[in-house]
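Chain lettering (A, B, C and D) follows the sequence in which the chains are written, and residue indices restart at 1 in each chain.
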Amino acid sequence: MGYRAGVVGAAGFAGIELVRLLSRHPEFDLAAATSDALAGTPIAKAYPAFTGVTDLAFSTHEDTDFSAFDVVFLAVPHKAAMGMAPDLMAAGVTVVDLSADFRLKDPAIYEKWYAPHTAADLLAQAAFGLPELTGDELAAAAERRAAGEAVLVGCAGCYPTATSLAAAPAIRAGLVDAAAPVVADAVSGVTGAGKKATERTHYCFANENLEAYGVGTHRHTPEIEQILGLEGRLVFTPHLAPLNRGLLSTVTLPLAPGAAPTTEELVELYRDFYAASPLVSVMDAGVQPRTASVAGTCRAQVGVAVHPAGMIVATGAIDNLGKGAAGQGVQCANIVFGLPETCGLEEIANPV
Amino acid sequence: MGYRAGVVGAAGFAGIELVRLLSRHPEFDLAAATSDALAGTPIAKAYPAFTGVTDLAFSTHEDTDFSAFDVVFLAVPHKAAMGMAPDLMAAGVTVVDLSADFRLKDPAIYEKWYAPHTAADLLAQAAFGLPELTGDELAAAAERRAAGEAVLVGCAGCYPTATSLAAAPAIRAGLVDAAAPVVADAVSGVTGAGKKATERTHYCFANENLEAYGVGTHRHTPEIEQILGLEGRLVFTPHLAPLNRGLLSTVTLPLAPGAAPTTEELVELYRDFYAASPLVSVMDAGVQPRTASVAGTCRAQVGVAVHPAGMIVATGAIDNLGKGAAGQGVQCANIVFGLPETCGLEEIANPV
Amino acid sequence: MGYRAGVVGAAGFAGIELVRLLSRHPEFDLAAATSDALAGTPIAKAYPAFTGVTDLAFSTHEDTDFSAFDVVFLAVPHKAAMGMAPDLMAAGVTVVDLSADFRLKDPAIYEKWYAPHTAADLLAQAAFGLPELTGDELAAAAERRAAGEAVLVGCAGCYPTATSLAAAPAIRAGLVDAAAPVVADAVSGVTGAGKKATERTHYCFANENLEAYGVGTHRHTPEIEQILGLEGRLVFTPHLAPLNRGLLSTVTLPLAPGAAPTTEELVELYRDFYAASPLVSVMDAGVQPRTASVAGTCRAQVGVAVHPAGMIVATGAIDNLGKGAAGQGVQCANIVFGLPETCGLEEIANPV
Amino acid sequence: MGYRAGVVGAAGFAGIELVRLLSRHPEFDLAAATSDALAGTPIAKAYPAFTGVTDLAFSTHEDTDFSAFDVVFLAVPHKAAMGMAPDLMAAGVTVVDLSADFRLKDPAIYEKWYAPHTAADLLAQAAFGLPELTGDELAAAAERRAAGEAVLVGCAGCYPTATSLAAAPAIRAGLVDAAAPVVADAVSGVTGAGKKATERTHYCFANENLEAYGVGTHRHTPEIEQILGLEGRLVFTPHLAPLNRGLLSTVTLPLAPGAAPTTEELVELYRDFYAASPLVSVMDAGVQPRTASVAGTCRAQVGVAVHPAGMIVATGAIDNLGKGAAGQGVQCANIVFGLPETCGLEEIANPV
């Protein structure tokens, strides 16, 4: 008998990907998938990929008794998550939240970018869920959970994951100028724009098109700055491209005065950095990551190169719903429950 | 210790999909993947989806000693397979062939559509690999293998699989006019056109385009006719559409004189027919299969409806590389080796 | 000074394509584009392809005085068109309707497939707009218009256009069995599903997917049957594929008893049939039409082949918004106004 | 009678787009289209978009007598162009070159990035073809041509065009720090990778994928630096995304000390800058360019915003084969021949 797991907001894109991952997870048993909008509808009717796979239907959040659950994954919008997490934790349920509500350590920053925080007392104990970079927080959470506590994980967003995996090794090694701006131009597939049918997500407007959006205003900015220690120095521009799943972040980092690594040395440094991280691969010098090579998985590929203008150009490729959302949630849950980090996440991307 | 498995022609699209499936299969151990063109190249270099997954490199067919293998999957062009199978079987190795070489029972038909057959003596003992429709042949092969024989499976092609799964229940129930023509219009994703870089597979020519091809001349015609008993009565027209993986066959079958089923009765009939087939789902009346819901998997979805003009319109959706090639090969191997049919094939398609 | 032209329902996909075509048409002056939903919005804001091209804004239908217009194109849903056409014609305005309201000659058939007809008296005088097949009706309308009458054109739908262009020459030549069923399997790009943002038109559900829909129930069935004289004998199945613009219809026609043409003879016959039709090209024997080669234009490509099972397989490729809707509307208007048929329609598809 | 025009290298993607544009150009008469590889093949056979449009066939360069031509467009690889231009000019033919051979003013820089220059004497007289930024050079060339001289235009590349249109107004206004690095991350559709069928251009590898390439090494770097006066300060990273046509460059420019414009002021500044440039549109504040809105045309859209980190983020969207290649060539030819700049370039992108 595995751990009893639930997904709240299961009909959204991150939610249904959690359903997919948990349906085949050897240690978590998916026992409830809530969607107020689709309550009563069989999952397989809303998402026919589940035809012949599961008879489970969506339930309402209200009618679902989570008290006997070990873990609940929240795949709801920001603000909704901070309304749900306290009750769940009070009932002894570990919460893995994919929303933005428990990512930012400083409630003032949360309020500036989102709204007043109604569960700010939980921020201090929330572990930030980006295992390759916040292993200590997750290890501490795992210990607390092993001791019987319900714990809370606020998983990193999609753009922050790809951007930080690409930039962190160089920054943490002191190779990056601590005063100069860092530029991250990132491109996402359309699943990143969510399930809601809008003009923006209409096939005929998204197809055969490239565009930037949210220039200077995207809410992932403070999150990336927090992870990388870049307060006020990040110029982050997201873009939309015509594919379902995939996110590529290209980060341009000015070398610190005196730093003059070769590309090969950087690759070496990055490989050491991720030596204990089975889901992150650092590409050979001269080879760039491909999002297609990680689509449908929780894997990440990172590339790094020295640019003659005195910069490091680092690229990170993930599946925005995999390592950028649901997969990362499962990875964090694995760690918190003392399972192997990759448990249930061994899928290999379609080679073609 | 599992069964020792090899893939010949592993660098092609069906071959690399076999590598993907066997890399995570709990009972088959992938011990060799040959490609004369890429021999010596790490698989992960040619197909970066394998980065961080495997260190295996392609080997040449010549230099690979298969004598201690339990099973070899052939993902080579027709004519090449019939040159390899006899030696492998003589060495006691079970052969699962994805090419056309061992599908047609009658060497004269093979010669008419392909070339003279150089291993015609093996045709009689080759089991046809489309488990839902040829379970008896595969069961017999499994018995022979259990008794120590090397056996040979000639797996169904992609178009024949989708078309036959859609049409067989109606035909076998005697609902279809045995004298009138049957029309199958099928659409495939571009992986069906193979790995070779040509003008036809160039992104910019395949993208945003629909076209028919091989009108009246496609080699899958005799194979479908053989499976369904339609000698000379099949009008099969394949088409190419802009997607990677996915194949949809729409089959229009004239009702037999006197037959007047409702769509609901047909759905019932089809569900009975596939009751023991975990990888085939029959959609509710009024619901049509979606290729996206089976992409990356070995599953199939079938829809069926009565048309007021006195016809049955049946549709079958598969992943041409999954249930249409590599997945089906693994499914057949599972059966022949006495494993559960779906072993290693439990993947769920990306819901979105 | 050209003819004064307006587009009603200009914010939908067919409507905005009319706006595009009329914006550069040398003889029609686009003077109004109505959209009740977007009234007041500059066209370029809703459709940024018009940035720098036009300052025109959408107006409401109500507030637009069409009395001084020469021609109004209706790109509104069925039922809406038959409510607008009588008033416009009473005001002396020629109406080119892209909806289904004036296509079917028999109001009983209209009622069976759509709704009771409220302007059935206009059906007799409506010219059917598919110039290559109904040149006589359009020529008569042109004469009446030249004599000062307002005329009405009910343009053919997208599936009927591609299907009929492919099938008509063979049928009219008496080569097709007049008793046996005809199968048309057609595939459309997603613009065919309309502008409304729904789950079906969401990028992430339409992308990388193939599916049939409306099996046995699609409303273009009676229209195709009317054009081709196939009452009750047409088995028409539409499909959706992941591209913006393009529609391919593959029509399988049983040869009449005794008919035994070669493919080359059919190509010749088809070329004679379309000799005076500059927008339809018949492909060489063995060559199939490509929708990409007509995308963005009012052109059509037709292919034809004899199938050994005693059938003709004919394929027709169009842009569903071009020759299948807006382009055809302009082509009909050209004819009715005595202009060269291709006036303003000379665009060449992107070769790649 | 128009000017006699030829296209050399007409079977490549830029070449065939020239053929498309010149086929409908009111002042240039396309009289020859060369392709050594496809000589003798009708254009419509190689590119079926021309079916029913032209009977012209490709000819060899060798066998084509250009001496009576007014203008020849070179759409050949670098190095080939500099071998052809001198003879053409000696014969009195104006040359519009789309290759890199006549873009860089300094032959040493050409040699560093490409090869030794064999026609370096022509560099001084070559006009740089990016009309919105080098109008003076083109005006001077037009005067020389009017005086009877053959002139030479070296048209800007695709990435340089989008990047420079986005960045130039801010830089030329002195708003950009003259010492700090400028980052340009640009994304191109697959036509940018050329017609050659390779693994990189294979549909199944390019589809559903994002990747960077040529990090720190792309040959468009010195060209952009030359246009914008950024010697050694440009960090340019190109990317590939799954679409046919479209190129988006996102340029991050550090504000000069003391400069503190608002986004609205920048938009105003940019609109003034491009007031006389009919093919460039500056988007409203808060609105971003879309490549789909310029696809198939010679138009460009530019967006600009102030970023709170003290930067300008400017974006430029073009069709890489239109304004980024063939369209720009025709625009330059229009100017040099004293025609309206937009002659034959009035196409409006598909609104959807």
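The criterion applied here is as follows: a contact is a pair of C-beta atoms (placed from the backbone, for glycine too) under 8 Å apart; a residue touches a chain by one contact, two chains touch by 3 or more.
All figures in this text were calculated on a predicted structure; none of them were measured in a lab.
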Listed by label, which chains are in contact with chain B and with chain D?
A, C
Compared with chain C, which chain's mean CA position is the farthest off?
A
Approximate Å spacing (C-alpha centroids) for the pair chain A, chain C:
46
Per the centroid of Cα atoms for each chain, what is the distance between chain B and chain C, given in Å?
39
Taking each chain's centre as the mean of its CA atoms, chain A sits from chain B at a distance in Å of 36
Residues of chain B engaged with two or more neighbouring chains
13, 191, 195, 204, 207-208, 242-245, 289-290, 292, 352
Which part of chain B faces chain D closely enough to touch in the complex?
13, 190-191, 195, 197-199, 201-204, 206-208, 242-244
Residues of chain C defined as touching chain B within the complex:
180-181, 183, 185, 187, 189, 204-205, 207-213, 215-216, 232-235, 237, 239, 241-248, 250, 252, 254, 288-292, 295, 303, 305-311, 313, 315, 317, 352
Quick one: in the complex, what on chain C touches chain D?
13, 16-17, 19-20, 23-24, 47-53, 191, 195, 208, 244-245, 278-281, 283, 287, 289-290, 292-294, 296, 299, 301, 321, 346-352
